[in-house]
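See the structures that follow.
Both complexes shown next keep chain A, but they swap its partner, so chain B is in the first and chain C is in the second.
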Partner chain A sequence: MEALLASIAKNIFVIFGLLAVGGATAMVASRSAVHSVLAFLFAMLNIAGCFLALGAEFLGMAQILVYAGGIVVLFLFVVMLVEMAKGKETNKAVFTAQAKVAAPVVVAGAFAFLAVFKDTVFGASAAQALTLKPGLAEGLDVARNNAQAVSRGLFADYLLPFEVLSVILLVALVGAVVLAKTERV
Partner chain B sequence: MPMTLTQLVVMALLQIVLLLAFVMMLVPLITFAERKVIAYVQVRLGATRTAGGLWGAQAGRTHKSRTLTGGLNGLMWYLGRVPMLSIFRGLPVFIADAVKLLTKEDIVPEGADKAVFILSPAISVISAFTVFSAVAFAPGALFTFPAWFPIVGGLPFNAFLTDINVGLLFILGISSVGVYGIVLGAWASNSKYPLLGGLRSAAQIISYEVPLTLSLLVPVILTGSLNFNEMARRTATEVHWLAIPLLFVGFFIYTTCAFAETNRVPFDLAEAETELVSGFHTEYTGMKFSFYFLAEYANMILVSALAAGFFLGGHYLLPFGFQTFLMKAGETAWFNQPSILFFLGKVLFLLFVFIWVRATLPRYRYDQLMHVGWKYLIPYTLVLIFVAALIRYIA
Partner chain C sequence: MNGFAAGLWESLVSGSKLIWPQIFLTFAATVMLWPADLFVEKARKHVWAPITMVILALTGALIYLTEPGVGFSDMYKVDGLTKGFQALIVLAAFLAVMLSQKLLDALREQTVEYYALILFSLVGMLTLVGATDLMTVYFSIELMAICIYILVAYLRDQNRGVEAGLKYFLLGAFSSGILLYGMSLVFAAVGGVTTNLAELNRLLPVVPQSSSLLVFSGVLMVLVGLCFKVAAVPFHMWSPDAYEGAPTPITAFMATAPKAAAMGAFLRVFGTGFAGVSSDWMLPLSYVAGASMILGNIAAVRQQTMKRLLAYSSIAHAGYMLLGVLGKGVDNAQAVWLYLLTYLVMNTGAFAVVIILQGKGEGERIDDFRGLAKRRPFLAFAMMMFLLSLAGIPPLVGFFGKFYLFKLAVESGLTTLVVIALVTSAISAFYYLGVVNQMYFKEPADLPEGAEPEVLSTGMTLIVGVTCVLTLVGTLAGPWLVNTMFRITWI
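This part shows the complex of A and B:
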């Protein structure tokens, strides 16, 4: 029993990862849009589990708070209303014409990803945490002060990229407002 | 003392069982208290007059028979005359409530999405209970197991399940998953009133999550931590005196949002009986309904625990950081010791406030609700955060 638990603790990242992939597969394969959203939620929670397994607890909790708690709910909102309006279409084939194109692209993409990140994932340095600038975390016990380490990176060294990203989000917001307005006039 | 894996697992299981038992016991007691308090406030007769025996509830004094039931009836009625023992009146209603919830027929409506219909109350109740794993009821150990105890003998039994350093984020994240239970349950019922109720409820919860989280940032900024124990200790005992009015205002904003988050009166638009039958759980019966019920009350306990922990002084005696002044009297004084009793006292008082407000205030209109949330609470909390950062900068 103890050996089993120890091995689970060791491989917990793989377990969460497989569950996340399973959730993502179910999301694509599901016939009902609401079931897709549920599977997506499951995948998101498992990705948070992956972050936790890597010792990035701040990132994991932010993942749950932002994606599972906020964004997927909004997806669900839209999907629910669309499904109500559309009625039920039960016998619609899922993998249609696009599948012939999509499947090779996905497989090729996966292989390309593996080729590029082969050393990062399986190489000798895979056990070490990936830090862009180790100097940033100086004087901080990253394992204990996760939130501080992340915020130091975001608000001290990478402040400009961070602000530029939020401007991009603002552009999306303004675009949404414009789209909503023009329809009414 | 380092623990072996077995000890760790057994200890965690014991703590989980105790925690679940505590919440599960508290929930029916709150519903009973709710009946009693509302009955006293609004002069309702049922819960303040009903006495009864094992064979059913009857109005006490009118049945003075010599049978066993009549005797019990009379006994409960007379016990209820003593002010402290007035719980005996209305007790049959409490028992009838529990029996009704447990024995009702479990119906899955035709046309419902069966899997999602069954899954959603489970999501609600699981997320409502999981969050308690990051709540610290006292900063240290409750008691130490005696040495003869199997496996865990000699180990301290902590009043918290985990002491993670992102505890507050964990609580907020997991409790935000609970909204899926409501939305999906409403959708899966395949019926109009639940869908309307579910949409309303989800919009309300997502809207009020913003000021709720922002108001919790005030103690986060003041303490510079996300750990429940650390935040509770430092907001109670180590804040600058300027932060006391800040915590006071923050408490009221937080509590307002908490009422909306838990779908309680005056913000219970999700289950407005006059408009929506009973909202998202209209089609639910039996155990599935009681899951929603459990989740709602567990959420009430949770938000009360957060308010008690971060604004009302946590495990210490005085609220809003006033304990800082008391701490000058020395750490050994009894009123400077953290205690689970102080914490539970505050939680129970807040639960009473929930019931008190329900008995007093009428329901808001939906547009008023959104108005309050977006136009008042969010700007106010932003100002609070600004002031908190300023105080942190000065002190």
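This part shows the complex of A and C:
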């Protein structure tokens, strides 16, 4: 029993990963859109589990909040509204025609990408890619204090792009209103 | 820990001094949207135009007062280049707002959002020309572009406008993806330590051999992304449609302000960030510049509508301006600035004439310009001056800008491209003069009964008059312009 638990703890990342892949497959394969969304939710929760297993608690929690909490609910709303408006429309043969061509192209593309960027993606420098600048990491155990490290990156180093991003979100809202509003003047 | 927090606060305070114009604009635009708009009646929305002009004038003053400096952990820098291009952008926006007022009144499409979106796009552009970090470059480009996608589709009752907006948005989103991917490759190539332009310039030339392909593809993708924003061939497909479908004042705005901002970014990213690896991008960029001049000018010959003609002409002008990027030095950046200034004057004038004619339900097609000299001698004369100046005929101001740019390009050894530029300039004179021919030597198709008196709004007359005078005698201000130009530096 002890040994079994230990091996589970050791491979927890792989377990979550496989469950996520299962969820994603179920999402693509299921006939009903609502089932698809629920499978998507399952996959997202398992990806959050993967993050947690890797010690990235902040990312894991953000994943649950944003995807499981926000986006999936939004999807469900849309799916239900559309289904009510449209009734059932079965269109099974959407991807079958392209799949024969697309699958080899995607696989070949992935291999070409790996062949070209193998050194960079798996090279010596890859591990340091997302570390904080030394000045920002001062007095902070980055590995332990995930959320603090993210906040330092966001509000100290990348403050200006972050603020510009907030204006972009505002503009997107205004734009949606401008383009969707019916009456004017 | 307290030391860290205190340092953060200090850098925030010193950094915010650099972006007062942007802070002011964001604040003003947000207040305009809410709550100020609640107090304006539906029939009186046109008051937002003068208010926007006041805001823009104040922004100009703030830009003038901003002290040079570096802030936000080296992500943003105020120097001569920043201030010079920011002034151009604010001027372009000011003129666009002035052009907008009457047209939107006529279409009954006045809203506060229109003006607020112009101001928000300005925030992106002002940040873009001062950006010294790829992250800032990317996000400010996005802010600028998203506002303009919406403005292009602003007249959403017209199919043409919606189509233009959607096309521009899809292609723009795609090119943003390429730009971002290129940036990530460059980031990876230097070992994933920095996106700062000065640091990149130091690190890029010394990357190990195994990463050189990464640098090449990354730099090339950034090049593609920026070429899309300045509408250089072969990434120009969106521009004729977007120019035609957008409300005409927005077309005038798109042809000047975002172009100036993207050129500023181009000069800074390639002049300071990627200068060390110039062998990677010089050849592709010179092909892009040459193709823009050739295709832009030749395609313009066959256009039937004025806005499409001006769109292709702006593609060709982008090609000329890329000569300045290829020249690399600070003096070339100055020449590009001068070129943009002269282009802003004559282009705004030309669009103002188109807008005035559009108010009467004409001016879209080149045929509408038939016999304009008889009907409206002043407008026809002004239009002729703008077109001749766009063609670069001396002694008009367009020649002044072109001459300086080409002279520096020859000195940088870009002889072949300058020869192409001169030949294509001659081709451009052909189609510009074609319009002049329509105005002066053709009889009007159907002269309305009873000669209509020239009724122009004061604002439009003012714009056409002032830009026409500037086009005519701008060259006389040459010494002063050159003096101002020498302040455009990035050191």
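To be clear about the criterion, the second predicted complex is superposed on the first by the 131 of 185 C-alpha atoms of A that agree within 3 Å, B and C clash if a C-alpha of one lies under 4 Å from a C-alpha of the other, contacts with A are read in each partner's own complex, and residues count from 1 in each chain.
The working rule: a contact is a pair of C-beta atoms (placed from the backbone, for glycine too) under 8 Å apart; a residue touches a chain by one contact, two chains touch by 3 or more.
Keep in mind the model is a prediction, meaning the values are calculated, not measured.
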Output check: A:V177 vs chain B and chain C. Expected answer is one of first, second, both, neither. What do you get? second
Between chain B (first) and chain C (second), which, if any, makes contact with A:L159: first, second, both or neither? second
Which of chain B and chain C A:F113 touches, first, second, both or neither: neither
State whether A:E57 touches chain B only (first), chain C only (second), both chains, or neither. first
What is the contact status of A:A6 with respect to chain B (first) and chain C (second): first, second, both, or neither? first
Touch check for A:I168: first (chain B), second (chain C), both, or neither? second
Of the two partner chains, chain B (first) and chain C (second), which one does A:A68 touch, if any: first, second, both, or neither? first
Contacts on chain A seen with chain B and repeated with chain C across the two complexes: none
Can you list the residues on chain C that touch chain A in the complex? 1, 4, 8, 11-12, 15, 19, 26, 30, 33, 42-43, 45, 72-73, 75-76, 108-111, 113-114, 116-117, 120, 123-124, 127, 133, 135-136, 138-140, 142-143, 146-147, 149-150, 153-154, 156, 165, 188-189, 191-193, 210-211, 213-214
Would you tell me which residues of chain A are touching chain B in their complex? 1-2, 5-6, 32, 34-35, 38, 41, 45, 48, 57-58, 61-62, 64-65, 68-70, 73-74, 76-77, 80, 83-84, 144-147
Which stretch or stretches of chain A touch chain C in the complex? 116-117, 119-121, 123, 125-126, 128-130, 138-139, 155-161, 164-165, 167-168, 170-172, 174-175, 177-179, 184-185
If you look only at chain B, which of its residues touch chain A in the complex? 4-6, 9, 113, 115-116, 119, 164-166, 169-170, 172-174, 176-177, 179-180, 183-184, 187, 195, 199, 202, 206, 209, 226
